[in-house]
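Dropping the structures in below, format is structure tokens.
In the two complexes that follow, subunit A is the common piece, with subunit B as its partner first and subunit C second.
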Partner chain A sequence: MEGIVVKGIQKNFGKKTVLQDVDLQIKPGKIYGLLGRNGAGKSTLLSIIANRIFPNMGTITLDGQTVFENDKALGQMYLMSERNLYSKSSKLKHLLGTTELLYGNFDYEYAYQLAEKFSLDLNQKFGKLSTGYRSIFKLIVSLCVPAKYILLDEPVLGLDANHRELFYREMVDNYVKTGKTFVISTHLIEEITNSLEHIFIIKNGQIIIDGDVEDVLNKAYLVSGPAKEVAQYTAGLNVIGQEKLGNIQGDYVFGKLDSERVLPDTVTVEKPNLQKLFINLTNTKEENK
Partner chain B sequence: MEGIVVKGIQKNFGKKTVLQDVDLQIKPGKIYGLLGRNGAGKSTLLSIIANRIFPNMGTITLDGQTVFENDKALGQMYLMSERNLYSKSSKLKHLLGTTELLYGNFDYEYAYQLAEKFSLDLNQKFGKLSTGYRSIFKLIVSLCVPAKYILLDEPVLGLDANHRELFYREMVDNYVKTGKTFVISTHLIEEITNSLEHIFIIKNGQIIIDGDVEDVLNKAYLVSGPAKEVAQYTAGLNVIGQEKLGNIQGDYVFGKLDSERVLPDTVTVEKPNLQKLFINLTNTKEENK
Partner chain C sequence: MITAKEKSVVFYLFKRVFRQLLFVFMWFLIGGVIFPMTLSLITGSNYNLLQAIRSLELGPTFYLVIGCLALLSYDDFKLLIQNGVSRYTYWKAKVITFIGISVLSQTIAIIYFFLMRLILNGNRWEDYSLFMQVYGGFFKNTTIAYLVSFIFAILSAGVFSLSCILVGSIFSLFTKRQRRLIILALITLFIVGIATISNTYQHIAFNAEPWFVNTLNFLVGYDKGGTLNPTMPFIDMVLLGIIVCFGSLQVIKRFKIRNE
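For the complex of A and B:
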């Protein structure tokens, strides 16, 4: 099978199971979103795919070959991790060289162009950078390594709005030019939705949604109006969340509406965006109070 | 004068001037936003207000008293900083006690309630937390200290969408109940706009906007339509940014439109949101290319 295939992954930290029965496929030439709450297991999953940590059960293959201790396969994947693995006393321009030693063929010209666009001085030491600029440096490296599969864990952490827009543009531009595959884990769902083709939503260590963005959004509805009429209309449907304001109620439905039911004049049906859908799919009971 | 008064602040790091001629007033009982690009000087300004670092010129007073070496004044301010100042090997519940030693009267009951809402186990060590949960712990402390002025530097760094919504609700709720003053520095402008009353925008170390959110937004316009008609309509006005898509042009105007000019049928005038306005006010020339 082409691409990265994740099969039956389980991971425990001590007594806690952080990933369970995770199956998914990352096909070449797409932009994927890996979405989940704080603590859902996103970073652990990305680290397992990139062979940085090992699962208790399950396998990762790339184009049918196991990734475990397979340098050729691993050389095709690059993980930008949330952790800062660089030496704090190293100058940024020297760190680019270190990346080339590990991955080969680093695109210095593009890196220098990006540094200028993001107003990043490559003569600085990594340890002197703010959170935002640490992310920017790691992003630049991710866009310039020759790997085919680029895994980005929280790429826009600490970036201002202008820099986030710039990054999304550069990533899509890079994707169109190179046909690389990107897997992005992010908490800023609304602003990245248009750049994503396919999403995985992970909740408590399990994949609960795996589909093209368009297909997923097509199944989501927000039904709102007077509480009684809304409740009648959504009875028996898959209501995943609810908002209330006085007597007005909004029910989030995921799945199908019942085409036999007549929509009362006082009730409206809208399409929620991906962030609203995500919040409702992943909220805990405590938070709904 | 009541509240915190920042007067004539200048700060240099080596040869670089990071803050220049900064004057502003933080009045009691309001929620302020301090907005700026990566590297604009926000964190430096908050650290100077909280007396963590010292300016090269200028003064900070609280209710007319200088803040410098003034324990009583400093006890009324709390800065949640982006840096992690806690010992990594300390358990969270013990860190709450440390805060009480410094600030007195810590609201433990509220802290335990918040920890439950955010699904944070206070028996963990600080060093074991992810970026998101480090922010959550620091937020909880900020909401439970008895200080009157709460300065929050990047409070939602790494928080998922549900946790961000929860924090905004808790902060506004806390504000209504206690009448405390909040100053929030954040890059997620769009989602916090409704919680803010007054904003400061800082660019290259200088305050360029200081006003109530409503007044600032009232001065912002997006004029769009065929390039030629738009250019004619906005000629001589304060155009701060431009978007182009083929022959269609959008000009962001900040200030006043000319009421004498007739708006052609093909041209529309809309109100941009605060994030779009911010991006246009603070973009560099390179980014507009």
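For the complex of A and C:
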């Protein structure tokens, strides 16, 4: 089972290249994070994977079969996106019925339980819901649909902190029970870090990081102390960002440290969290100044 | 050969179109029967309910309404792609649905027409069927003439709805703003075109080129002996059906979620 394999994807909108030579693999039974800044190409990539838009170049396969115009492959994926593709005039319970009809084996019992937990009235029409509740409805569908690969594009858009917490709990619970694969594209990295096993960081349409969260974080360091000593210690290393407070400096290093170098007593080395690493990896030169 | 997924999509589309058809039909009844009846009650004018029921034009109404429903494509596409349905499956299911619903509605219209003829002394089919008026004389046997004209009515309704699928699909490729501009351009073109034609041929006799006349004669099945062959309109319809079917597939294959 090789899962979803994305190979050489390129997407242009007019003259602008949004995705360039994107290669990645989404293996079954993991929770992935697709992280990137606004306009980095996350939503475009997910839309291409789910066959909603076409790439200019490249292929996407699921267990060796192309996903383009392939009902069997598309039936194993569910993309919850910011865009509302459900009819505004349809009642939520009818939309669940349509999902059952087209995907089969929809978990109604769980859907009704979740609706109750999120205080969502399924007799309402989709068009009458607030942005937050539209997200909640789509999240409920994504957790109850029998697809193996659940792609979530900004899943917590418009949700309050309590509902976000509830969703993360339900998602992890669902993952443990069903073994589904989740791919989550989000800006709220700190909230989701503990749930992620593997991350892709996308910058300017290219994947710059592809690895297990633990491995990626193991390569990241925050070297801090007096500016002069820190600068001497990190000279020649892959410094991806810097923080300054008076004479105190913090350098974010991504990659191996030089074991030959002696760490001055005044300098400390810590592990940054994923959000800090992400910010420093995706900042522009101007933002790093 | 139809897969389980295709069956589900056909079921979904058929149910949805059938519901919309019933909704429009309800308004058709309200507008064509109940409203005039209410008006006659208020104004005290004569109103003949039997006459109204007898002269209900079910066939053409279904023809038009189903055509209009076939024009709508993007909303179904959005919902189906959200539910993991490919464009090809959507196209196939849509074609099956609209052919099915056209056949069903025209059959109902024909049965209604004849029931009205039998029970309420309603209109004669030959007065309302263009096919019977043009090609009816070809047949020696009246029953066969009727049968052939029914089949033609059903076939033409199916092909009309397929043509509407093609037109609707082409429009679905554009954004709302672009669609508005295209419609505006088409209306302008139509008005200017009509005005130009009427101005030009007010003073000059319309003389079509022989190749044009010959092509038209060929398409309608007219031979030099003066007879009209009813096989030709069938062949025309089938060929047109195949062309629009293929065309709509090519267009639907290009559908994508728009930024709206």
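Here is the rule we use: the second predicted complex is superposed on the first by the 287 of 289 C-alpha atoms of A that agree within 3 Å, B and C clash if a C-alpha of one lies under 4 Å from a C-alpha of the other, contacts with A are read in each partner's own complex, and residues count from 1 in each chain.
We take it that contacts are C-beta pairs under 8 Å (C-beta built on N, C-alpha and C of every residue); 3 or more make two chains touch, one makes a residue touch a chain.
Here the structure is a predicted model, which means the values were calculated and not measured.
When the two complexes are overlaid on their common chain A, residue A:Asn38 makes contact with subunit B while staying clear of subunit C.
Between subunit B and subunit C, B contacts the larger number of subunit A residues. In the superposed pair of complexes, A:Arg52 makes contact with subunit C only, with no contact to subunit B. In the superposed pair of complexes, A:Pro146 makes contact with neither subunit B nor subunit C. Residue contacts after overlaying the shared chain place A:Glu69 against subunit C, while subunit B stays out of touching range. After overlaying the two complexes on the shared chain, residue contacts for A:Ser87 are found with subunit C alone; subunit B is out of touch. Once chain A of one complex is fitted onto chain A of the other, the partner contacts of A:Leu157 are limited to subunit B, with no touch recorded for subunit C.
Only residues 36-39, 43, 82, 116-117, 119, 130-133, 136, 154, 157-166, 187-189, 275, 278-279, 282-284, 286-287 of subunit B touch subunit A when the two sit together in their complex. Across the complex, subunit A is touched by residues 3, 5, 8-9, 11-12, 75, 78-89, 253, 256-257 of subunit C.
Contact residues on subunit A toward subunit C in their complex (touch as defined above): 47, 50-54, 69-71, 74-79, 83, 85-87, 98-99, 101-104, 147.
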